[in-house]
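What follows is a group of structures, each given as structure tokens.
Both complexes shown next keep subunit A, but they swap its partner, so subunit B is in the first and subunit C is in the second.
Our next item is the complex of A and B:
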């Protein structure tokens, strides 16, 4: 396979421009910051601890945002009949995917970092390598899930309808896990639950990178990638 | 294969489940030639374009574009091909100029050429407008500009002027002829017989997935001109249609000498009547 850096960077630029002209894609990152600020002001600091706020912000930005950033732009390209034009203008699917994942990932990672001071977590408390690794991998998993949704949607509306249940499940369940041991156990095997646990634990005691958490991440990444490759090989990006 | 031949189609066929869409098509297109592919709705024009541009697999037969078999088309061939179909989309939220800039980068076209092509399609003054704000005719011209930005060797146009006003149609015709003169091979589908007659060097009439007639527009018209007839208008306002005969020749001669003749037209069939004759149906 021959990847062209020129074509990938053209797609990259296109996607950056589209992001700033299509606010629906930026809703989740903006919402995550807004929500954290609101909770910080509205809730007593005993409940809305830095860890709690950061966990919530990450779950909005990284999980919900990631899924939206994967699914919306792809389905928009299909709805507006531009994906087919790109593909018949010598862009390969892989170039398209790389060129459009990178800007989404970039924005998500930036917001993940910005959320730390906004949530009021001291920057020194963050174990940066692990934090960046975990948040980036979880963002990537979300974006891949978004792409699978995008493959099966032909319009942004459809992408929204398909994403909604998954996003709600992944973003809301961690909020209930403190009330129920079973939910907590199950959640610790999901990537959003694992991310939330990591944030909570790394603020209270020293978090040590461990086999279970890394396995959860790796397995989710591999499984989602597998589903994506399956969906792609059956339908292409543009199922007709 | 002739060096000048850029598209060659041999015994091409396509079926969707039981439905036969294309039956045993064979034709070839040379460089610097506008090839008109005419046919009523559902005849298989778009299907043929999709197969030739590698967006759909044929069921049988062979076709090659720029010496590449359509079965082996990969994205590289699109650097030499331009395509306009009814579902060629634009980035509505980006400006006219930006829409072309993306493709200039993708196809490695010098940016200075963007303004030149915008001028050629008459959109230079609208270059900062959002594509979503363009009228239908302006959109179509932008789509066309994008398709020819990289000076493709082959241009596929699927009904490029349908639904457009006459002046936009003429502007598009002009661009197509200019490209032809620069050596581009143009594969043009249309319902519009007048357009085909005026624009195309070669025609194929397609009906129900089969080519029922080929040739230059004139050849096709004259082949079907079995009974030569002339329509005359005389000074006394009398209008007559006369068949070719010695008597007719003498009459016309006499009217001309005595200056009785106001107008005279030969009644060879138009492409439209030929089409109706060979297909037995109206164009939709």
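Our next item is the complex of A and C:
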């Protein structure tokens, strides 16, 4: 398979532009910053600690944002009948996928970095390599889940309907895990729960990279990739 | 030189035959137009571009540089024309300066306009420019003039001529033969019952030549005029499947459409008998070329079945059976 860097970069530019002009995609990153700011102002600082705010911001951005940024661009292409045009213009599906995943990933990573000062966490307190690695991998998992949803939906509305339950489950459950031990246990085996744990622990004491967290991430990544490859090989990018 | 040759191509989709008996050679420089429905067009284009495979028959490729455009294909509406074309220039790795071609597609004044502000005519030309940049050998385009006004048609035809002058062969498909008459020189019609058949349309130049000869008397030229709202449509006799009298109005039937004519059935019969029409019943005048079967369901009733996919059934008067047999078999 010959991948053309030129075509990937053309798709990359195309997607960056179409994402910035599509408010329904940009709502997740904007919402994550907005919520963190709102909570910081509205809630007493004893409750809304830097770790809590950052954890919430990352959940919004990496989970909800990632899923939306995976599913919406693909379903938008199908809804507006532009995907076929690209595919008949000598762009291969793999080039299209790489070219459209990269902008989503880039925007999510930038917001992940911007969230640190917004949440009021001292920049020096962050273990940058681990932070970037964990947040980027979780964003990638969400984007892949989003892509699977994108394959099965033909319009942005449909993509929204399909992703809403998953987004709510993954984004909101980590916030409640401190109230219930069982939920906490279950969530620690999911990538959103793991991300939340990592943020809380790395703020309170020194976080050491551990086998469980890495395995959770790797297994989720492999399973989601597997589901994506299955859905893609069965339906292509278009399930119709 | 042939670019693509389709031989006895048949396509089945979900157990239903969607295309059959497709025999077609697309030569380089040919100007082929096919009258077929949007669904048949999609199937045919997907077969030729290799996105789906044939169920039987085969397609010989002399080129794989083929691009298809369906009517529903969209553009990135929030981009400007310039940005859109430049994106595809990058994808196609097109080295020439695109500015020298803009005028041929009549896009100078809207070059920096957002695509969502363009008219359907202009969007079609933007789309044509995109396909031009991808430099295919063969272009397959569905109904490009369907929403075009007179000026839009003129400018589109100018762009099509430019593409053809650049050695790009274009095959058009449309549900309306009128649209194809503007775009092509060779015409085919896809008939669900019999397959792809060539339609002979007299070339303007040969018509002119014969008109110049003194012996020529245009006695056999007749078109059936149907008045619809503020325009009059002329149908050639060979386009018509049959004519049906409903409430004393003669209705011309073409495919699934009815067009009322001002002439009475008797007047039509007099004029159309020369063109192979036959009054099979008081209320029906049938084009003999469209007949495929004659069935007698009972001793005294006869029915004619036409070639069309709907297999239209027309009554045949008992008294007319012998006459019809003689006409067809003699």
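Simple rule for what comes next: the second predicted complex is superposed on the first by the 240 of 240 C-alpha atoms of A that agree within 3 Å, B and C clash if a C-alpha of one lies under 4 Å from a C-alpha of the other, contacts with A are read in each partner's own complex, and residues count from 1 in each chain.
Note that contacts are C-beta pairs under 8 Å (C-beta built on N, C-alpha and C of every residue); 3 or more make two chains touch, one makes a residue touch a chain.
Given the structure is predicted, the values throughout are model-derived calculations rather than measurements.
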item	value
Room on subunit A for both subunit B and subunit C (clash or fit)	clash
Touching partner for A:106 - first (subunit B), second (subunit C), both, neither	neither
Subunit B versus subunit C as contact partner of A:82, first or second or both or neither	both
First, second, both or neither for A:18, with subunit B first and subunit C second	both
Partner chain in contact with A:214 - subunit B first, subunit C second, else both or neither	neither
First, second, both or neither for A:30, with subunit B first and subunit C second	neither
First (subunit B), second (subunit C), both or neither touched by A:92	first
Touched partner set for A:7, first subunit B, second subunit C, both or neither	both
Common ground on subunit A, meaning residues reached by subunit C in one complex and by subunit B in the other	6-7, 9-11, 13-14, 17-18, 21-22, 80-82, 84-86, 88-91
Of subunit C, residues touching subunit A in the complex	49, 67-70, 72-79, 83, 87-88, 90-93, 130, 134
List of subunit A residues in touch with subunit C within their complex	6-7, 9-11, 13-14, 17-18, 21-22, 80-82, 84-86, 88-91
Parts of subunit A lying in touch with subunit B, wherever the complex brings them together	6-7, 9-11, 13-14, 17-18, 21-22, 80-82, 84-92
Parts of subunit B lying in touch with subunit A, wherever the complex brings them together	53, 55, 74-79, 81, 83, 87-94, 98, 102-103, 105-108, 146
